[in-house]
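The structure follows.
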Amino acid sequence: MIQYETRFNVRYAETDQMKFVHHSNYIVWFEMGRIGLMDSAGISYAGLEKQGYLMPVLEVGARYLRPARFGDELTMKTILPQAPGAKIKFEYQIFNAKEDLLCTGFSLHSFMNRNDRAIKPPKEFLLKFKEYF
Amino acid sequence: MIQYETRFNVRYAETDQMKFVHHSNYIVWFEMGRIGLMDSAGISYAGLEKQGYLMPVLEVGARYLRPARFGDELTMKTILPQAPGAKIKFEYQIFNAKEDLLCTGFSLHSFMNRNDRAIKPPKEFLLKFKEYF
Amino acid sequence: MIQYETRFNVRYAETDQMKFVHHSNYIVWFEMGRIGLMDSAGISYAGLEKQGYLMPVLEVGARYLRPARFGDELTMKTILPQAPGAKIKFEYQIFNAKEDLLCTGFSLHSFMNRNDRAIKPPKEFLLKFKEYF
Amino acid sequence: MIQYETRFNVRYAETDQMKFVHHSNYIVWFEMGRIGLMDSAGISYAGLEKQGYLMPVLEVGARYLRPARFGDELTMKTILPQAPGAKIKFEYQIFNAKEDLLCTGFSLHSFMNRNDRAIKPPKEFLLKFKEYF
């Protein structure tokens, strides 16, 4: 298992007229989390794309337990529960400063090339993560 | 079952550097679909909010089958599979102009008042939908 | 002068906790307007990009006169005041259903290739627009 | 003059298919900058809203000099060039890690209450800023 923490503040533009964060923004935050986790493991997602590897989202899910509000300082835990294979799953937990759990979620990914064809994950990607499992 | 169709074009701003629509936008589109479905059944979500009823998202999920691209004319089917009770579930299917299924998803909701307390759905809301089931 | 009208409804996700539309969304709407105007003149912006022409934004400005709210049916007038040359300027006016003017704005553009180099507008682009002036 | 610096990384979701940041996101960043500047001067914008003061945007403008890209570490300078009166103007400059200037902009604001009526800025707001000029 690899775990990575991202800290960030809720942006005003992320709220909606319900007066808390619009639920679609958590999906954007999840992305920040997995990119951060990969980075912490020595894998630059920007670098992968430059080599022609894209990692699209196959599936995403989120459960909203409590609202996040403008100005909240949030902590997101991103977890890679298993060594990645053809598919890669990330899990997410978002907490406020009082350590209330606000949201849990996951995303599922695979690799694709610039011609929209499914391809195997880059070897370097698999090797880097193998060390952790 | 109630079914409602929304037609719309992909906005340029909804793409990302993968050259297709960023996955978080589908979650925004789902919202357009359920608001349209409610409207078609005679329920104004804007009106509900004015009366103090909020319908937050408890859960959301999406599976991405094929990418949507800038300029694509999309059709979203929003489905209310069951008469709403304390919880309300919507399902979504998004198709391109060739009728390829691009994405399926769901969202789960309940009602809340302006003080963040869970409340029963408004009677009018339940009655309007009862006619269809 | 070319003028083009776009009609659309405010999305819930476009509001913020001030209870009206977040000002950044008007900038996204302007883009829908100019793409629609080009389309109406026989120019597909998606097509231009496929040929390697990008039309980045050099400058943008907006004045907000009255707020737009969730559910509002808006009409945007996009205006090309002059035949495009090396630079292309669009102007925008957004009205609600009561024809109140909510926002005016403009954007300034030029052409660029995939290597980030400034290039002349495609001939076809200039010719199509010449007819109108 | 007050000056405040915000550092942040470009999010993947902020890019578009032109392969750099969509221009509307800079407008969202400007907002982060002015909220940070107010915070640094002892004024919580969240607190102002709780007291019934809203600070809507009257006008916004941006000039895009060079593109920002995914993963770029950006620095935004937010400047309050003059003591705020009935209107408040902020200026913005965004730099990449090489200190290239990517974007300049401004926003103009006034105060409003929850009934959409123009009101004077809160005294505390004016006093806090007076110290700096």
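So that you can tell them apart, the chains are marked A, B, C and D in the order they are listed, and the count of residues begins at 1 in each.
Note that a contact is a pair of C-beta atoms (placed from the backbone, for glycine too) under 8 Å apart; a residue touches a chain by one contact, two chains touch by 3 or more.
Keep in mind that this is a model prediction, so the values were computed, not measured.
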**Prompt:** Of all the other chains, whose mean CA position lies farthest from subunit B?
**Reply:** D
**Prompt:** Once you find the CA centre of subunit C and the CA centre of subunit D, what distance in Å lies between them?
**Reply:** 23
**Request:** Could you give the separation in Å between the centres of subunit A and subunit D, each centre being the mean of its C-alpha atoms?
**Result:** 27
**Asked** Whole-Å distance, subunit A centre to subunit C centre, using C-alpha means?
**Response** 33
**Request:** Name the residues of subunit D that each touch 2 or more other chains.
**Result:** 12-13, 17-18, 24, 28, 31, 70
**Prompt:** If each chain is a dot and touching chains are joined, what shape do you get: line, ring, star, complete or other?
**Reply:** complete
**Prompt:** In the complex formed with subunit C, which residues of subunit B make contact?
**Reply:** 11-13, 28, 31-32, 35, 44-46, 70-71
**Request:** Would you mind writing out the residues of subunit C in touch with subunit A in their complex?
**Result:** 12-13, 15-20, 22, 24, 70
**Asked** Mind pulling up the subunit D residues that touch subunit C in the complex?
**Response** 17-18, 23-25, 27-28, 31, 49, 54, 56-64, 67, 116
